[in-house]
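Here the chain labels run A, B, C and D in written order, and each chain numbers its own residues starting at 1.
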Amino acid sequence: MQVNLDKTFPIAAAGSSAWKFLQDIPGVAGCMPGAEITETIDDSHYKGAVKAKVGPATMAFNGDIEIVAVDSEKRQLHLIGRGQDTKGTSSAEMDLNAWVVDTDDGHCELKGEAQVKVTGKAASLGGRMMTQVSDQILNQFGKNFANNVMALGEGEDAEEAREELAEQPKELNGLAFAWSVFLGFLRSLFGGGKSSAG
Amino acid sequence: MIPGEFEYHAASSVDDAIRLLSAHEDAKILAGGHSLLPMMKLRFAEPAHLIDINGLSELKGIQLDGDTVRIGAMTTENDLIASEILQQHCPLLVDAAKLVADPQVRNRGTIGGDVAHGDPGNDHPAVMLALDAEFVIRGANGERVQAANGFFLGTYWNALEEGELMTEIRVPVSKPGTGYGYNKLKRKTGDYATAGSPVVLILDGDVCREIRIGLTNVAPMAIRAEAAEDALRGQVITEALIEQAAEQVMAACEPAEDLRGDVEYKTHMAAEMARRSIRDALARARS
Amino acid sequence: MATAEEEVSRQDALQGIGCSRKRKEDPRFVQGKGNYVDDVKMPGMLFADIVRSPYAHARIKSINKEKALALPGVHAVLTADDLKPLNLHWMPTLAGDVQAVLADEKVHMQYQEVAVVIADDRYIAADAVDLVEVEYEPLPVLVDPHKALDPDAPILREDAQDKDTVGQGPRKHPNHIFTWEVGDEAATDRAFDEAEVTVTQEMYYPRVHPSPLETCGCVASFDKVKGNLTLYITSQAPHVVRTVVTLLSGIPESKVRVISPDIGGGFGNKVGIYPGYVTAIVASIVLGRPVKWIEDRMEHLSTTAWARDYWMTGELAADKDGRIKGLRVGVLADHGAFNSHAQPTKWPAGFFSIVTGSYDIPTAYVKVDGVYTNKSPGGVAYRCSFRVTEAVYLIERTLDVLAQKLGIDKAEIRRRNFVKPEQFPYQTALGWELDSGDYHTALDKVLAAVDYAGLRKEQEEKRAKGELMGIGLVTFTEVVGAGPSKSCDILGVGMFDSAEIRVHPTGSVIARMGTITQGQGHQTTYAQIIASELGLSSEDIQIEEGDTDTAPYGLGTYGSRSTPVGGAATAVAARKIRAKAQKIAAHMMEVSEADLEWDIDRFKVKGVPGQEKTMKEVAWAAYNNVPEGMEMGLEAVDYYDPPNFTYPFGTYLCVVDIDKYTGQVHVKRFYALDDCGTRINPMIIDGQIHGGLNEGFAVAMGQEMPYDEEGNLLGNTLMDYFIPTFVETPHWETDYTVTPSPHHPLGAKGVAESPHVGSIPCFTAAIVDAFSHLGVTHMDMPHSAYRVWQQLHELGLDKKRA
Amino acid sequence: MAKQHISFKLNGQQVDALVEPRELLVHTIREQLSLTGTHIGCETSHCGVCTVDLNGDSVKACTVLSVQANGGDVITVEGLADAEGLNAVQAAFIEEHGLQCGFCTPGMLVRAHRFLQENPDPTEEEIRWGMSGNLCRCTGYQNIIKAVKSAAQKLQQA
């Protein structure tokens, strides 16, 4: 099944530093808690791993990331991530276009368009949740991305951003995080998501 | 469909369960098991430890305590249906339990598990909102009471903290002038609701003094249609007002499309279930 | 002189044809003593579990078995490469195509078999499946059959890319399987050109799965010393399985023993040969130990044979009085990744050409195209004769559309077009010879029983109040009992069936047939046939089926062929025995054969009261006192090749109320009249009809196998796949008329599938009828609340009146 | 994973087994204790062919861990008949033609047996609701309902 997502994340920093960070692939990948670059093949091909947790369900994906295009003119990055869960029963593919747009206040926005395709058991059985999960994974990505960029800078914002980054959980807890973004209280994230009953 | 390996712990008491929960990484509580075990058999869930609380009689049973009915978290659906206390003081819960899954599952499935699991398709969360219930939650550092309103935060996400356990559900006994309704649309026995709506209202003469409208499976979690409630509270409820409320119900929905229907259908069905429940509640309150 | 009462009691004592005899099978089943494949346990038995593809279309880059093999308790992990030396990585299908046993270089469908793991128990096997690492390269997926023949469509079957046929005639595209045409196209076109009225209706018959409660599985045991293979298998055709196993493995047929034990429902799903069976056999041969493979429900729904998936266009040409002048039908058939539908080999669209139905249609033309898509293979007869359900759906729906256009009542237009009783045997425009029928009587009986006029009046009143009530009427004719070997074969084996009857000296009987019961009650009904033919009590007659070592060769049970073919063989074999018995009786009483007459259970000397020998007495004599030159014993075998099919028919009527605000359909009444000719066991016939109606209800109201654009099968558990429970299932009313088949030795026709075939268009007709006053002519299945509501919403009927 | 010793009453007899914590009750009963009357159908607790009686309640044995039956009392279809012969429900299913392929029958019978103790004199609607956790593909349910009704009458008279 395919889910199309269209996002904009405000970043309290200059477009130039956002674009600088956007080209740091391992850094960008790191914006997804639970995601990491496990191997750099060349500067446009990487291997990575993601561990996603949705309530009682956990899925671990290993896959390849290909940088299709880096357009300094448009300050746009086009990447495709393809992964299979470690049991080989499901697979996911994300075609992501991300670009930086300056805003009037001297800050910038990260804009993202993504098509997420899921196949296998996860699509057969998890379809009911897929849109929410993908949406929230991207929200999480955007929030971390913004923090990373801001953290490059100086001052209070940067300091807070660094704190938030430090507090990121080790694995992706898409729904809980998305709600934290949605409800705007990051702290309550921790401990959320775990439901104590079968 | 075979679950992955795990270590099994039969808790000897609530405190023991809480101790086990904090002692083990990646531990899950096993209540009725009809949500968790299928996920484990499909290998979506692979907890390293299962803490079975089925043996804890202290978590079972229904008591009338003044103007509150106290229900142990491990009370099964069929126990709810059979309870004379509930039939008399909280019939909504009985009606709702009758529409959960099927007879065998109702013998295992528990109210606490249904409330705490976090699946937006579960029946009890919206019922808890409509009843204005409270949850007794125990953790390593003692017991706390949390209102149902505000407990449900998202799909598989609620206000239970790491290592906490829900031990009791408290529902107020229905006061004079109270009416209730529960309508649930499902494809077949054993299915999640396409949409469901429990409603509780209190009439003061002809005027609706209080009303709570819950919605099942039309948002990432069970929700209350507050704008719809506002449209009816303090009013003499007419069909025209019910229509206004139905509009507000639709505005409150953000369902996920699946084989049960698309967003438009589920949104309309939420409204229709709410309409019917409001009418039922009115009729009961007046009789 | 025998009194009437005395004769009646002798008759009753036999519990023969026409008796609602309690089932012989039941005492075992109600005590948990059934013996299904998964109940079979053998010493040293291992378990197989299958690694499946998450992709609908992908190239396999690598398969790594190491981690799986390292798991304690794992004995082997087999892939296509391991099967290649044995040439078993592909297998022939009943339709002349080939199907991958284990994916060979690429996968063509989601959940396709990629590797098989053999382990000590099913738990270890399941763990090992997760440890097999497969690397895929995804390929463009073809889900929509309408795009299959596009010039730029991805080519699915590279293995068959250059073949100009895959077993069923010439192809015009690498994704094309066959084109099947029947009828006179030119004459039909002329009928349409000259017609006063024509109608066209497009309809989709969704892909649905029979999903019996027992999934498919087998236990394969190869004895390395004796070179014998024993196979317990969930099969509706064990003898065919044995032949196929021999063709595949080269093991002589005499050394292959296939046993279909108790079968937990088949409904057409258990006719074909599945990769799981083959891998279990290979594993047993390789490891020299028994290997059990049992699929789970997801595997069952995702990979084993489904039915239908026909995109159909029906056109009728008629005069203004609604008399049909011509029928034109076009079909696009989605067969999935392999052409594995189980039809008689020469019939790529089965018996779809029965599509002229119960009607006297002068000219007709049908064209069916089959194509490959990245979906599971299938197209079997789900509780019906081959593709007859689709045919009946098309003609009944299209005829309703014609009636609606002309403003003629749906019962009346049928009456005007029926084949008349005096026209039988009737040659249809598409080549069938309808053996017997009395459609008018059946229709009139139903209309009277339900007070049709009253129902139409009630409908008018409800419409006036803005309520939606619908009445569906269907008058179907089926073709069952495949089939005459001149036209029907499977892999070249004619579709006869067989019975072998042996009468013991004391008059007890053992009989074995080539068919195999899956709940139809053969052990009960075949005994009743023999009881009536031989005058011996059913209670003394033992029926055995399903073991190829003991039973005579037969083509199995599906397409309602047991009674028409196996039942006929049983009657004929019994008559051979009675003929011999008559000679012995004449010898015993020292009269000539011609002096004897048969009376229920004995031979009597005409005109000489008291001069008689019962069949029991004759049986004893057969082993010690036979006429000179006659061999001893009393047994016979018959391989019955039917001269024609049988054509059961019926009239069904369904009444529904529709909830305007949710789309829920309430079936208020369902009245089913069936005519299956001579009725052998009315109790079992009623049970079969209830079951068929319920499966029809399931198909019409909720069953579907939806795929998304990536080829993911959505909803492959019983959470989503609709099997009605006690709560959803309506109450069934049954009725019957009796119009015997002129060519069947007992006058009997098949029955178990009529209710499925007939009820499905009846549900659709009822629901569409609820909207007919608003100009709606058709709604595609399934008629779930969701889909019905979409129609309501489109028409604005769900708007509040407030 | 280390196996655990469990002991429970099966059709009146005390039985013991060594099981992995993840072993499902239906597998222990069928594979280890060799009572194959209890079947496996959907494995997601929708079809009811695995229905057994656990401590006086109908449960779906495909969704109960064997370790959870430890110390319990389990009745399967094999335990319905007694010295006097068939249980009223078993006899009624034969009498009313309430079964065909027989695969759903054991779960159906165990459930019907318990249901009639929960509700000795049910209406048709109550039967449909009380039996709704058991699927049948063959019978269209009608004769099963008749059988449960007639069994109820027999039990009442007895």
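Keep in mind that, in the parts below, contacts are C-beta pairs under 8 Å (C-beta built on N, C-alpha and C of every residue); 3 or more make two chains touch, one makes a residue touch a chain.
Keep in mind that this is a model prediction, so the values were computed, not measured.
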Top chain pair, ranked by how many C-beta pairs fall in contact: C-D
Interchain centroid distance [CA atoms averaged], subunit C/subunit D, Å: 30
Subunit B-subunit C separation of Cα centroids, rounded to whole Å: 44
Inter-chain centre distance, subunit A versus subunit C - centres from mean C-alpha coordinates, in Å: 51
For subunit B, residues contacting two or more additional chains: 1-2, 4-5, 30, 33-34, 37, 43, 102, 189-190, 259
Multi-chain contact residues (two or more partners), subunit A: 87, 89, 121, 125, 127
Per-residue overlap in subunit D, given as positions that touch at least 2 other chains: 20, 22, 43-44, 46, 129, 131-133
Touching pairs - complete list by chain label: A-B, A-C, B-C, B-D, C-D
Residue ranges of subunit A in contact with subunit B within the complex: 54-59, 87, 89, 121, 125-132, 175-176, 178-179, 183, 188, 190-198
Subunit C residues within the subunit D interface of the complex: 22-23, 25-36, 38-39, 41, 121-123, 211-215, 262-265, 267, 294, 296-297, 518-521, 683-684, 686-695, 717-719, 723, 725-727, 729, 731-732
Residues of subunit B that touch subunit A when the two form their complex: 21, 28-37, 39, 42-47, 73, 110, 112-113, 115-119, 121, 153-158, 160-166, 220, 256-259
Footprint of subunit C on subunit B - complex, ascending: 1-2, 4-5, 43, 102, 185, 187-191, 194, 239-240, 242-243, 246, 259-262, 264-265, 268-269, 272
Touch list for subunit C against partner subunit A, complex: 51-52, 54-56, 110, 130, 132-134, 136, 138, 298, 302, 708-717
